[in-house]
Every structure is written in structure tokens, then in C-alpha cells.
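For reference, the structures are reproduced in the following blocks.
There are two complexes below, and they share chain A, which is joined by chain B in the first and by chain C in the second.
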Partner chain A sequence: MTIEPPSDFFDMSSILTGFTVRTLRLAQQDADFYGVFDDVYGGAWLKDLMGFYVARVQAGSAPEDIGKAILADASPVAETARALMVFWYLGQIAPHDDSRDLRIPSANHYAQALVWRAIQAHPTGVSTLRFGYWAIPPAPFDDYL
Partner chain B sequence: MQTSDHKRTVAHSVGGSGRAVLLTLAATIVAIVVVAGIYAQASPRSDETAFTLSGGYPIDVPGGVGAGDTGPGARSAYDVFSWQSFIALNSPTDGGMPGENGDNETLWSTWMEDFQVLVSDGQTPAPWGAPLRLPTACKTLTDGDGITRILTHASKVDGVVGLFDQAQAGPLIDQNGSYVRYEILINEPMYTYIRDNRLYNQAGLNAFGQIDFPSGSLDTSTVGAIMVKAAWKVMGAGDDPSRFHVSRAHVFNQQANTCAVETLGLVGFHISTKTVSAPQWIWSTFEHQGNAPDADAPGTGAHYSFFDPQCATKRPGPDCAPNALPPTPWNPQLPNQKPVQVERVTRIDATTAALNTKFQQLLRGVNAHSVWANYMLVGTQFPQLPDDPTDPQGRPFPQYLANTTIETFLQGRVPTVSSNCIGCHNRATATTSAKFSDFTYILSRVTAKY
Partner chain C sequence: MAASPQYDVVIVGAGIAGAIMAKELAGKGARVLILESGPRDREDRKSFHDSYLTAMAKLPNSPYPPYWHGNDPKHEPNKEAVPRPMTAMTFAWPGLEEFKKWNGSQAKFDAFNKQSYLTYTATTELPFLSTYERLAGGTTWHWLGTALRFTESDFRMRSKYGQLVDWPITLPELYDDYASAEEMIGVSADVGDQRALEPYLGAQFPEGYEYPMKRIPMSVSDNLLGDTIKGLQFDRQDLEMTCTPQGRNSEYRDGRPACQGNSSCIPICPIQAKYDATVTLRDAESTNLVTTLTKAVVTDLEVGPNGLITGVNFLQYSGDVGNYQAQRKTASGKIVILAAHAVETVKILLMSNGRRGIANASGQLGCNLMDHLCYLGYGLSNQQGFPYRGPRSGSGIESLRDGPFRKRRSAWRVDVGNVGWQWADDDPTRSTHDFISGENKSCLNPGQEKLFGKALAERLNMANTRMLRLCYLVEQEPQQSNRITLSKNLFDGLRLPRPEINYSVTGSEYTLRGIVAAQQATDLIFDKIGANRHFPDHRQNYSHFINDSGYPGIEFTMDGKNYKVNLYGAGHIAGTYRMGFTGHDSVVDSNSRCWEHKNLYLLGSGTFPTITTGNPTLTIAALTFRASRSVLNDLQHL
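This part shows the complex of A and B:
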């Protein structure tokens, strides 16, 4: 991990993804979502998105309202936010100017993608559970958030 | 960042000798620990444990370290724990500090070897402290008088029933063509648990409930289960034994049923400690500093045990590919063994490296030529969320950790492939019905039926 992401990044991502800051931080530990998004999608876009978010936090808006504002039809940062959500959920990312160049930057991004937690499962081929886990129901959904 | 504070406290302790140093060292560690903010609620007990360094174990990291909310990787508390363990375990058998009077027999070398647990049908492991029984091939050696250490393992493959047939790993061969040997030992609480609960045969394992080794507890001041795995290399041409912790040992070759007495130098050292804050155990790993360079900065001049800076000129071709398994057949007896060209794939974290410098200085404060000051902590893996219901591994940090002499071929950052101590040991089972063995592979090798 090259740079420690600012805490705003996690707070904002938490609003956008519905996962807790703690879960996002743990994912970031193993796969650099912040630095790679900055690199691949484009630092200027991320900066705009973060600026939009921070301004509304400072204005005292409620998290839910900030989320709505970010994703609103007329929002200048909605597209960036969606790309970030896709990255968190699927581990997939493309440069802003070339959506066909879609990639999963590393096996760790694949393994840490939130989609697995969202379906209370684990990535194909990467389980942290013990022998025989398939006979046991997964933990309650809230524990995965 | 506590770096500057570390420096200050260390500066106080340099110079001085004997008992004074011991106390200063202990005080310094308390200071480091306090500075590192581990003892959020400093209890007198935690001070006491730090003050009995020699032969006294650190027991646990108080309260553990919550990750996530506080930012990732609060690793220094666990790294301090690792160093305290290293010092306690490598203390002389007759007391004092490691290296105080030169190289020393270590406390952990008096523990029981894995094969003392792995008895045959109908047998019971010897009482704690019973001396080793040598293989017949070793008994006849005249120069072996008084030597008790015996090494057999040549790789992870050895003796693990069916677990690593795919040869994910193989032998490590040093610059002189000698095989690195491995040794596994456990402490008394772990040994007693296995013995008392009859976990040394399949009947006992099946009859027993959930295997749950004792955990080190600060509340009761009790040390929990500890297991170590040591990697040794034969001291040969180009090696300077005065820079290693050395031991004379019987080296037994199972394939050929032969035995030889060799002087071995310690090159790698794993310590796994079960504690209340870490039911997934704390995984510390140390190395000799002269093993191998970092992959992104291969040294040129220095002598390494497992890396030849001139490899490409001397032996052009595939031999110099870093961290590549040696060609088969794997047999230590065969002539012209090809050394493995080892590089450290993941650099030691900067905080850990800074802590290494402090502790090495402290060890040199005890003895300027201490062999122990030539060892460094590679890292400590610990569970950040030990009770996470979604992950029995407890979200280990760092995600990957490898020792260049023990996980040589499994370095890197690829999920399920690269070395993750907790991740791999989490798969250890003890019976044919795959009962979880509580992170040890020793019980996976129990073959006695009754």
C-alpha cells in the first residue's frame, strides 16, 4: 500500500456501499482500492468526488442526503461514484476515458470485493473457513457488513 | 509513530553491564511498550511480566488491538511481543540474558520435540523433560557424546500425511549445497495438554471433544501453548559461525538411514503463541540477517547464506531464478546440489525494521558481539478481529508473512498461494473425520491408532 487513504474516503465509501468503515478498511489493507482507483480511474475525478462529499459534510448534511446528492441525476460526480462503487463491489475498474479497458487489478482485489460479503459467501477458490464449513449456514447478514 | 521516543529510551540503556543492563533493558521495553500505547490501561501485572524478561514470557498483548476503526495494522504492539518472546525463549538455560556470556544453549532447546509426541501404537509420550532417544544410526557415532539435538525434517513435505504431496514446497539448499534442516518443539503447557488428553493417538483424538490448547492469560499470569519451528544450516565454507547461534546436532537422513554430527547455525525461527487475545495464535517469525537480500535491492558485495550476488555470471541459466524449487530428486545425500537463489519478496515493514534496530542495540548492550543481535524480526501476524463470526481466521494482519528460510517458495501476495501463517494453519486437522486441530500440524501427523 503506497498511501494511507484519508478517513473521508472510507466514510464516503461507507455511505455509497452500505458497508461499515471497518469492513472497508480491512479490505483496503489487503487490496489497495484507494490508490488504484486514483491511478486507474483518474486522480482528478476522485478529487472532485471527495471535494463534493467533504463540502456537504462541512455543511452539516445527513449521510443519507449526501449519498442521494452524490448519485442524483444532475450530480457532476455521480459517474465517478458509480465507478467507485463497482470497484468496491466487484473489484473491477476501467480508466474514466476508456470504459472498455475493464480489469481486476489483482487477485487480492478479486478476493476482497464486497460482493462476496453481500451474498454471505466467499470468493471462488479463496475461503477463510474451516473444513466442513459447507454444512454450516453462514453468519447473519449483519455480521458481514 | 513512536520512532523518536524509541531512540530516546534506547539511548539511556546503552552502556552498563550485568544485572543493571538486564533491568535497564526491561525498563526500556516497558517504556517502549508504554510509548507504543499498548497498555491502554496499564496494570501492574503487565509491568511485572516485562520485568522478568529472562525466562519470563510476555504472555499476551493486553486487550489485543482493535483494527479497522483505529486504522489498519497497529502492528507494533505485536512486534514488541515477538521480540520479548524471542528474548525469553533464547535466554540461557541457566538464567541471564541471551548472549550475556557468548552464545548460549537456549531455553526452547529444552522443550519437547514434535516426534516425542508422535509415538507408535500403544505408547505414551515420555514425561516432560525426558531425554531424546536417538535413532540407531546416530547412536554409534563416537563424536556425538552429550549431543541431544537431532534433526530430521528436510522440508514441509516430510512426514505430513498427504497434505503437501503437490510439492507446494521443497527443500532449501544453501550456497554450499547443504540442505536446511527444520526442527519443531513445543512448550510444557502444550505438551501436557496433548499427553493428559491422549491426543497422541487416533483413538484419543476421536474420543476427545474440541481441541483447544491453553491460552496465555494476563489475568491469571499463565503462559499458554507455544510452538516453535527452527531452521538450521550446516556451518560450512564461507560461513562465519561467530555470527550465528550455533548448535552441534545429529543430522539424521531418513531416506538413507544415516546420521552425522554437524555444527548448525540458526537461520530461521518461527514462534507461535496462543493467547486470550489471539485464539488464532500470534505468529512471530525471525531470520538471520545474512540469509538473503530484498528482491528489489539484491546486494552485490555481501556474503549471504542463500544468495549468490555473482550467480548470473557463474551459473548462467535457470539456476539463478529467484526462489525456484531445486530440481528433483530431492535427496540430501546426492552430490552437486544446486543452491536455491533466495530473495526476500516483501520488504520488512519500516516500523518493524526500526524496532529491530532498537532490540539489536539492546542485545549488543548486553554483549557487543552478541550472536543474537544478528537476528531480525520479519513480522508478526495476529488476528485483528479474533471473534469475527464471518472469519475463523480473525482477519489476520499482515495478510501475508513469510520467512525466507521456511516459506522460501511461498513468498508473495497471491491469495491462498502465498504464505499466510494463520490461513494455512487454519486448515490443520487431526483425524480422518478432519477434526480441527487448533492450528497445529503436529496432530495431523499422529499415526498411532491406540
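This part shows the complex of A and C:
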């Protein structure tokens, strides 16, 4: 059974990815990014990342500063955060202890990957558009965030 | 001993050639058996699509069985019943510098050959880079859909330019067959677009001709590039963008929808807006005169004392990898037709007559293996073209497909991609990893920045929405030394020998000059685009030589200049049982009938004497219509 992610997960993911919480929640409805990340990446890494994030929120840090702190070279959660960003952007995930075992857990994870929105396109192989749409420019960038 | 004749015709291979032939013959009342080596599942499009979506590497073979399992010994080609070449198998080929260190080492080739369905002689300098499928529907499952006619000069290279060889057919002789092929495939195009190329390519259509469907609109990116290259000339000819005739629906037709621009035409159209041969196979079978046996691998042909083919021996297998059960069977018909693609057809002929081969009095069987050698030129535009939207390719630069330059160099057409640098650089995946991790594998992040938040999305947008990729399909000179034989010590899972290939490119100055021209034209186009506004420290032209494993390359000197070039396969495998004017220098005649065995026909691009400058599928189909008339005529006399 899929567990409903805590709202902190979406807030933190929004800072890391640049996408709105609304977009992330819609993606999560179709593909379980939260639960599958926790399961495949393993250990308590996601819990540690969330703990790091919540502590900075409670300390009153600004979102941009929180992002920088999470991803700082000396940060103990930077590696986890970047793995989560790759998962959100590409639908690709590997176990923490075997980064070569990168995989796409499901077709829906690929289809919901954010990179396609970032480049104002649709996932290659998953178009819901109509004949000829490619002859005119897409909607503005911000509409995709 | 062959069984009694039961069928009028036995066809080997359920791809586009086999399916068209079956439909044409059954339409005239002939009873046809099709033997297909691979599987068939009428519900397979959904599962193939899912395999594609979850594949890390979205390669031409990714959706289709047998699947790539890395180095798992349980799935090596010697374990699979119907293995075939896969792009992933070439990933073990070393970069150029490492390859030089091989220095023809048999041990190095042996290690490579173990994991590759296509095996190589130690005198090979480059792996054969193209692939095909072995399943009902054949390689049209993963074809792009480009449906260009060949030019008149393509058929007359020797007599017009003193290069290569002539075909025993002229273009006007194929007009009606091209029209039949375009009707059956369902080609969307505007004949006016194609006629506009007549100053460069000559006439390609009879008066009054119209395509079956309206053209597919060009993408934003294509129109942008078309405007950019206006006025440019290369080899004294204009560079012009033309909307490509495409074997995909621009309207609802034959029970299939219009294209919705999934951009995954290679390897799979999820909605079958793009034609594939399962459409024609179904039509053929609906006559109730066509029987298709799948998982039926032909091992050899039996030849009677008068040279006629008397039996088709095959293994019908079941089970799974590592645990196959196979039954040896024989089928016979008045006429036998091999339509098993340019590699497998050769294999069947070479395996016949106790593996001494048949149909090879000319010595040309298996020789002249060709492809369009693909040179990828890629870079950024200063304006957003918004790739990754629409058919994978919908336009091309066709005005350089012919011209006086063919006296000294090979020609090319330029397939203009609609999917950014996906082929050249695995984007947007690679640039995403780069900008998240601070690497620079895409060459877009030399400052090795690590981005997050909206800055990350914006940077990816800035690069990926401006990506251009030009694929030059360089005409490759037919060379007798580029040859398929049978491996003596490497087999598949049914104990049939795997193909052994001897292959090189640098022996042909004619071909190499075409590759050099492709590189020069790329520079010309990106020079016209001008300075890189969005990545100011970069050149516009990101094309560069890659010396890594999985990027086969060649090195040569031309006019005092040294070149190192990576090459890619077009999937256009041709030439291995060429047609010609006599049985002394060719395997089949102009009707695709074998000179030596009068009831044996060989179909597919293996019959092409030259690779020409067009994608082959439409011409494969046209030549099949032509051959079908000859078969029907023969049936009345045999």
C-alpha cells in the first residue's frame, strides 16, 4: 500500500527541483516517488534528509538557504538529496550502496519525470497531444513548473 | 527427404517484404506458408511499450525480445534461440585508441565476439553498427518511417558518374511499384515538396501523382533550421530543408489513428500511427490463404537435381532460454522466397548444401555489406526550436542527395532530428545528470556547476530547447571485402552458426570523402548560426570525436589532413545478395529471382547493388511488388 508522503517531503522537493508542490503532488499521484525512493535507496537516508530539512525550517531559514545547506559539499545529506533530484527529474534511482544499479522502477516514474516539463516537452513515447501540435511552440515555461 | 508440396509458395520472414509478398500472392489465390523465426503475440504492443519506457537505454532493440541482460552468461547469444544484433552489444567495442592497442589480437576479438551475435574477423576495423529484429512484423517495428524514393541517378551511378555500379532497373520502371508501396504503407507527404527538389534530384514522380495522405507538418525546430540555412551552398548546391514523406498517418486511415507525436518512432510507435508490417501481415492472413508459423527457424534449403529448391528445412522451437525443445520439419512449395533480411537470408543460403552454400556462382553472396554510415553533427541554436516534440524526424536536407560531386565523393542526405541530442548524447538525461552532479559529460557544463531549484530547470531548458542534431546518411561504397560468412566456432541457442563479418570503411576513399563533406557541411551550418549567445564560452558546434568504449571510430588522412570520426548505424543493411545484369556478377536478377535457382526469390535490401541516398524500406516494398508479378507469372509455369 502506498503511504501518503508528509507535506514536508513535497516542500523540500520543491526547493530542490524548482517545481511547485502542486506539480509534485500530481506526479506522486501517478507514480510513488516517496515510497519507492525510500525502498530502493535504502537505509534511513531519506529520513535523515527529511530531518535535516525540517530542522532548518524550524530554525527559520529561507528556502534558498535550506537548499544550499542540504547540497553543500560538507552536508551529510547532499548525496541523498541529489539522488532524490535525479529520481524526480528522470525517474531513475539506484540503491545507495550500488550507484551503478540505476533503474527506472516503473513506466509511470518515467512518464512523470520532471525533466520533460523543464524542457517544455512530453516524455518521449508518452504524448497526450494531438496531431500537428509540434508545428507551434509549447506553452510558456512557467506553466510547466 | 522433403514432404509433398502443400503450398504454392513458402516465404521465410514475416517482415515488410514477406508480408507484402504474401498479401499479393494470396490476393491472386495462391496458398502461402510464412515461416517466421521469432515470436508473435497479438497483445505485444503494450508490453513492448512498457519495456521501452522502463529501459535505461532507449535503443532501437530495447522494446523487443530477446532482451539485453548485460553480461549475464545465461543470455549470451549462444543461449538464445533467435538472437540478433543489438546496439548494446557494440558497447563493448573499445574507443579508437584502445582499439589500436588490440592490433588485430585474436584473443581480443574472441572476447568481443562471445557477447556479440555478429562476430568479427580479426581484420575488421569497425563493428557493423546496424541492427534488425526477428519477430513477426520484422524491423518495421523500429523503423523511423522515412519513405523517400530513390533518385534516378541512384540507379545509374556507373553510367552517370563512373562510380559504384548500375542497378538493372531504372527509376521510371519502378514508378508504379513505388506508388503501390506508398499506398500500402500509407505515406503522408506533399508531392509538390518533392517536385521542388527536381533541380537537384531529377524527376521522381510521373505526371499527376499524389501521395495517399496530406503531409505531416514540419516542427518548430525544422522550420527554424530551414530559415537558418537559406542561402547556404555546399558543393555549389543549395542547402534546402524539405518535409519528409513519412510512413505514418496524418489522418485516420486503415483503422489506425493520426500521429500524435510521441517522438519514439524508433523504437516504437505506441499507437501504431506509424506503419509496421503487422498491418500487412494481418491483411494477408485475412484472405485465409496465408498460414504463419512463428518460432520456426529455417536451417537450410534442399536443392533438386535441376537446381530447383525442393524443401525448406526448419526448426520449430518452444521453451525458454537455456531450455529449448526444437523439432526438425520441412516445408515445400513450388516457389520459395527468402525475406529474412540482409544477414539472415545470407545465413540460410550459406547453411544449405551441407554448409557449402548455394546461389553463389557469382561469388557475391554475403559480399558488399553496406549501411548508411551516420555522421552526427550536433549543437545549439540561438533560438528555441523546442525539440522532443513531434515525429522523431519530419524533415531533411535532401538537395545534396545528388550532384556532379558524386564523381569524386559519396552523397548523403541529412535527417534532421526532432529529439534534441538524444541520439548523439543521450539527452535530456545526460545534461540532467551533469547539472545535478556537477559533471560535464554533455560538454554543456564546463564550469561543473551543481544546480538546484528553478536554476536547474532553467538551465536544462536553455540547453535542451535549443538542441539541433543532424544525421548525415553517408552513402557507403559496396566493397567485396565487407562480407558475411558463417562462424566456424560460435553458434546460437539452436546450434546454428552465427554470422561472421569482415568489415572496414577506410579502404574506400569515395566513402571517406563523403564523411569529410558531412563534417564540413556541419561546420558551415553552425557558422551560419553564429556565436553562442546562451553559453558564451562554448562553440555552437558540439560535434566532437569521442574516444570511449561504445563509440566506434575510424581514423584516416585525406588531402593531408588527419580525421578521427565516430560513426553510427542507420539500420539500413544492404547489398549482400545484390541484383545485377548477369549471373556472373550478381545473385539475383531485376525481379529478385535467383539466377541459379529459378524457383527461389530473395527479397529485401540485400538485393540493393548500392545503398543510394534514400532510406531503404520504401524501395524494399516497391521491389517486392515488382517481384510478386514475376512470382505469379512463374507459378503459372512451374
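Operating definition for what follows: the second predicted complex is superposed on the first by the 143 of 145 C-alpha atoms of A that agree within 3 Å, B and C clash if a C-alpha of one lies under 4 Å from a C-alpha of the other, contacts with A are read in each partner's own complex, and residues count from 1 in each chain.
In this section, a contact is a pair of C-beta atoms (placed from the backbone, for glycine too) under 8 Å apart; a residue touches a chain by one contact, two chains touch by 3 or more.
Not measured: the values here are computed from a predicted model.
Looking at the superposed arrangement, the partner reaching more residues of chain A, out of chain B and chain C, is C.
Once chain A of one complex is fitted onto chain A of the other, the partner contacts of A:F52 are absent, as it touches neither chain B nor chain C. Once the two complexes are laid over each other on the shared chain, residue contacts for A:D143 go to chain B alone; chain C is not touched. Contact with neither chain B nor chain C is seen for A:F87 once the two complexes are overlaid on the shared chain.
When the two structures are aligned on the shared chain, A:L26 is found in touch with chain B, with no touch to chain C.
When the two structures are aligned on the shared chain, A:V126 is found in touch with chain B and with chain C.
Look at A:F37: by the touch rule set out above, it reaches neither chain B nor chain C.
Contacts of A:F9 after superposition on the shared chain: neither chain B nor chain C is touched.
Touching of chain A by both chain B and chain C, each in its own complex, is seen for residues 106-107, 110-111, 117, 120, 123, 125-126, 128-132, 138. On the chain A side of its complex with chain C, the touching residues are 15-19, 64, 67, 71, 82, 85-86, 89-90, 92, 102-107, 110-111, 114-138, 141, 145. Residue ranges of chain B in contact with chain A, taken from their complex: 67-69, 71-73, 384-385, 388-393, 395, 397-399, 413-416, 423, 426-427, 429, 434, 436.
Only residues 49-50, 52-56, 58, 216-220, 223, 250-251, 258-264, 268, 270, 384, 386-391, 394, 418-420, 422, 428-429, 432-433, 436-437, 450, 452-458, 460-461, 464-465 of chain C touch chain A when the two sit together in their complex.
By the touch criterion given at the top, residues 4, 20-23, 25-26, 28-30, 106-108, 110-111, 117, 120, 123, 125-126, 128-132, 138-140, 143-144 of chain A touch chain B in their complex.
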